[in-house]
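In what follows, structures are represented as structure tokens.
Below are two complexes that have chain A in common, paired first with chain B and then with chain C.
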Partner chain A sequence: MILRLAFRNIVANGWRSITNMLVLSVVLIVIVWMQAMYFSWIRLAETQQIDWEYAKGMLRVRSYDANDPFSWEDSHAPLSAQMQGAVQQGELMPVLLSPASIYPQGRLMSAMLKGIPHDQNLVKLPAKILNPQGRDMIPVLMGTVMARSTRLSKGDVFSIRVKDINGSFNAVDAIVEDVIEIPAVTADIGSIWMDLATLREVKAMEDETTYLVMADAGLKSLEQGEFKHIDKNEYFADLYQMLKNERFQQALLYGLLLLLAMLAVFDTQALAVFRRRREIGTLAALGFTRGKISLLFTVEGALYMLFAGGLSAVLGFPLFWYFAKVGFKLPDSYDEFGIQGFSEPIRFVYPMGEILVIFALILLLTIWVSWIPTRQISRMNPVDALRGKVN
Partner chain B sequence: MKEVIATIKDMSKAFPTGPSQFWALKHINLQFVRGEFSGFVGPSGSGKTTLLNILGSLDGPTEGEVEVLGANVHQLSQKAASKLRSEHIGFIFQTYNLLPVYNVYENVEFPLLLLKMDSAKRDKMVKEAIAWVGLSDKIKSRPAQLSGGQCQRVAIARAMVKKPELVLADEPTANLDTENSHHILDTMARLNQELGTTFIFSTHDEKVIKYLKRVIRLVDGEVASDDLASGI
Partner chain C sequence: MKMRYLMLALLLSIGSLPGQSISAEEILNKVDANMISKSGKSTTRMVVHSRRASRTIESINYSLGDSKFYSEYTSPPRDKGTKMLKLDSDLWIFDPNTDRTIQISGNMLKQSVMGSDLSYEDFMEEGSLTEDYSAKIIESITHEGRACWVMELTALRDDVSYQKRRIYIDKERFVSLYEEWFAKSGKLLKTVSASEVKRISGRWYPTKILFKDELKQGQGTEYYIDSIEFDITIPPHTFSKAMLKK
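Now for the complex of A and B:
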């Protein structure tokens, strides 16, 4: 009975109801869009990094500090016999990192040389082309961002100067074997990929490794000595920190949007309680308790939100569909910012669980905001209400 | 001897007016028996509506006692008063007070929904009540599509549909023309006869007064006369 009356009142409220629902649905659409954007971005960034660099896990030398370039030169260690066995069985893939100076077209630039076995198949990097067999120069591979910043392209030759284990500088010539799209930014920006054995030879570091990529998460039991298991939280720490900062801004925006929407609902409900005093008195005369009358107004508020949910699904569908199919792409220049996950279009995946929780929270908030003005009803004398008098 | 359904004992009602009080009703003593067709008559501000509201448990007395259908109005909780109204009392207002978003059928059905009656029985009672007031052809119409007289007939059907023991009608003909007023009063008089429902009016309309079997004249909040013989 209350639901039917509430529904009829909403319909009878005409444009005021429609405006309320529109405001609420726009807020919902924006929130769902942003929620999907963050969710899909993180998912894509994780997938890209996992596909191109992290695989099922990583064992990295303890001395390596991603934020301290001075630590990189010495961040390597020999593998234990057990690790070497796992490498031979293809369960671990060793990678050696070495800071270097490069001279593309005579300019001096810094780069990170990354040695990877040319026969690996744990990550997506097409390392086969790095096989130096029968080549005069060292074949290297780089991502498009690195190629742009060094102004190198496929087939270009440049010199590399690198310090070996004894502190002597060696210079070698390298040829850009290919420039490819590398979605994982840490595998692109500043990185030059070459064959592991070649890099070890140039650096006179036989069997030295900076990190090992795992083929199976269970291999973390091999963590020993110089090598430490890097779990997902540690590996993605920067990404998660960035997400945390974004979440704060996101929460502020959500709060602001919700405040506007709730003001609209509150305003409508407060006006309704004032405008419909005679109806409140009639309901009291017919036997409605004050609680039931308050419930009627509160249900009307909740219905606004439920209808707004439906309206959002209808109005937002083309937008949601577009971003799920085509995706969200930042302009190419954003590549160089090194933001993970933005190197290819983010195709939205909608986290239904999160969206439903958010919807339920907004529904509760709407119910609360709709209920606040009805407190006036509990103070209203039915006789005054029937006369249309304000207490 | 007829059953007493409402008793008012030395009842007074005051309203605060700034620092002092205005006594709208003073030392009222009245008794109503089942099946009465009576009314409070008097000029504006004489306390008619206030008395009707107290009998309907919408308001309470300041002093004295009012017992309606065995319940002491002063001691009733808000919930118990609501229950008393929903089960035993029907209201008819000067301005009809129909729910504008409901049609005739739904407005008349509304009091029965509060009584949680099964739908088949409810439907039968609603149609019967609408037939009493001669609006069976307007069952789907909204109040905005009806004339004032038709709206008041819907209000009567709504008040009568649950077959209450007491119907309180506050200036029911004030907004109606003579023809509609007589139609409404004829309907109520007929229902009083057929169903034995007690009707208490508040009015200053001579047309209504002619129909009343008991006229209680109020002047400045006091009973000036209680004339059982002045009605038709």
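Now for the complex of A and C:
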């Protein structure tokens, strides 16, 4: 009976009810959109990095720190016999990194040379084209962001200068064999890929390696000596940290939106308690306890939220569908910021579990906010209420 | 008999013509003697040519041996107060605009100094020619009107930055007038031309030098030594990090 009465009251409330539901549904749409955006962004970034760089895991030289340029030049070590065996079996793929000076069109720039076996198949990088056999110049591969920043394109020739393992300068000419879309930003920005054996020869670093990509997660048992297993949490530490910072801002925004929505609900309910005091008196005279009357108002609040949920689904559907199909893409100029996961459109995946939890929390919050003004009812004298007097 | 002695004397005199009897090693020693000092103070100008314009950077420099170097830019106003300190294999730069000192390392060492043809790595070079190279006289030529030996220098160790150099040494003044620095692969990396040599404190010293990164486009970087003093006493605190923020 209370439910039916509450529904009738909402309908009778007219545009006030509609405004409340609209405000709540807009808040819901924004929250669902943002939740989906962050969820899909992290999922995409992880997939891209795993496909292009991380595979099933990584064993990396302990001294290497991606954020510390001081460490780059000396971050390499020879492989143990066991590791060499795994490399020959195709279970591990060695990669050697080397800071270098490059001279595209005679301009001096810094770059990171990345040596990868041309016959590898653990990551998506098309390394076959890096085979130097029968070539006059060293074939190299780069991503579109790197090509844009160096103003190099397919077929261009440029010089590379490095210091070898002893500190002596070596220089070679390279040809851009191809420029490809590399969604994993760390494999694109600042990176020039070449055949591992060639880089080792140029650097006089026979058998030296910076990191090993694993074909199977179980190979982490090969962690030994100079090489340390890098788990997903460590590999994606920067990304997760960025997400953590974003989450904080996100929470502030959610808080602000919810505050506005709850103010609207509270205001409506407080006004309703004042406006409907004769009705409250009548209900009390008919035998409704104060608790039941409070429940009626609280149920009305909860219904606002439930209807707002339905309205969100209807109003938000075109938006949710668009971002699931077309995706969210930052302008190309953002590529050079190196934010993982933003190199291609983020097609939204909606985390239903998270969304339902958020919906339930907002529902509880709405119920609570709807209940607060009804405390006044407990202080009302039914006779005064019937006469339209306020305490 | 007299005729025989005369012939012998003539042959000996030919053998002892200036520059003919000297060994490659002795030449390098004499070049090092001109170029290397225990300490030094100089005021220099570096003219950096870019595609659109040229700019001149003036500085006062102090050096102690070949491992300590301190430099302060005095002009242009934009760069005035920028300081550079090299202690063995470490290099720091102080930027007065940000009031911060940064250590130059890794990839940053490969960057050009103020847009010039010199990289920070070039500033890190140490050692004398005789310590680093074995030399061979290839030929005698006339370069820019001066009689020169063309010498080929091969590094004595694997850790010498340039494994091969070709240098033109002025036969009379024992100063390098032109140098080519090669990578291990044999690719020419840099050339250095001295177009003005002056007698300073009993030494012949190049005072106008053109550095050219041969992999880079452009006219190169001119380097003028306006004044230089050798073997002077420099307070030890000059070569300390505290000096950068003073």
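Keep in mind that, in the parts below, the second predicted complex is superposed on the first by the 391 of 391 C-alpha atoms of A that agree within 3 Å, B and C clash if a C-alpha of one lies under 4 Å from a C-alpha of the other, contacts with A are read in each partner's own complex, and residues count from 1 in each chain.
Keep this in mind: a residue touches a chain if its C-beta (ideal position, glycine included) is under 8 Å from a C-beta of that chain, and two chains touch if they have at least 3 such contacts.
Since the model is a prediction, treat every value here as computed from it, not as a measurement.
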Answer with clash or fit: chain B and chain C placed together on chain A by superposition.
-> fit
How wide is the angle at chain A between chain B and chain C, using CA centres, rounded to the nearest 10°?
-> 150
In the superposed arrangement, does A:381 touch chain B (first), chain C (second), both or neither?
-> first
In the superposed arrangement, which partner chain does A:99 touch: chain B (first), chain C (second), both, or neither?
-> second
Please name the chain, chain B or chain C, that touches the greater number of residues in chain A.
-> C
In the superposed arrangement, does A:5 touch chain B (first), chain C (second), both or neither?
-> first
Of the partners chain B and chain C, which touch A:22 in the superposed model: first, second, both, neither?
-> neither
Now for A:108: first (chain B), second (chain C), both, or neither, which partner does it touch?
-> second
For A:37, decide between first (touching chain B), second (touching chain C), both and neither.
-> neither
Smallest separation in Å between any Cα of chain B and any Cα of chain C in the superposed model?
-> 72
Contact residues of chain A, present in both the chain B and the chain C interface = none
Within their complex, chain A touches chain B through residues 1, 5, 8-9, 11-12, 278-279, 281-282, 284-290, 381-383, 386
In the complex, chain B residues that touch chain A | 53, 56, 58-59, 78-79, 82-83, 85-87, 91, 93, 95, 97, 99-102, 110-111, 113-114, 158
Touching residues (chain side chain A, partner chain C) in the complex | 68-73, 99-101, 103, 105-108, 110, 112, 159, 161, 163-164, 166-173, 202, 204
Listed in rising order, chain C residues that touch chain A in their complex are 103, 105-108, 110-112, 119, 121, 155, 157-163, 183-185, 187, 189, 213, 215-218
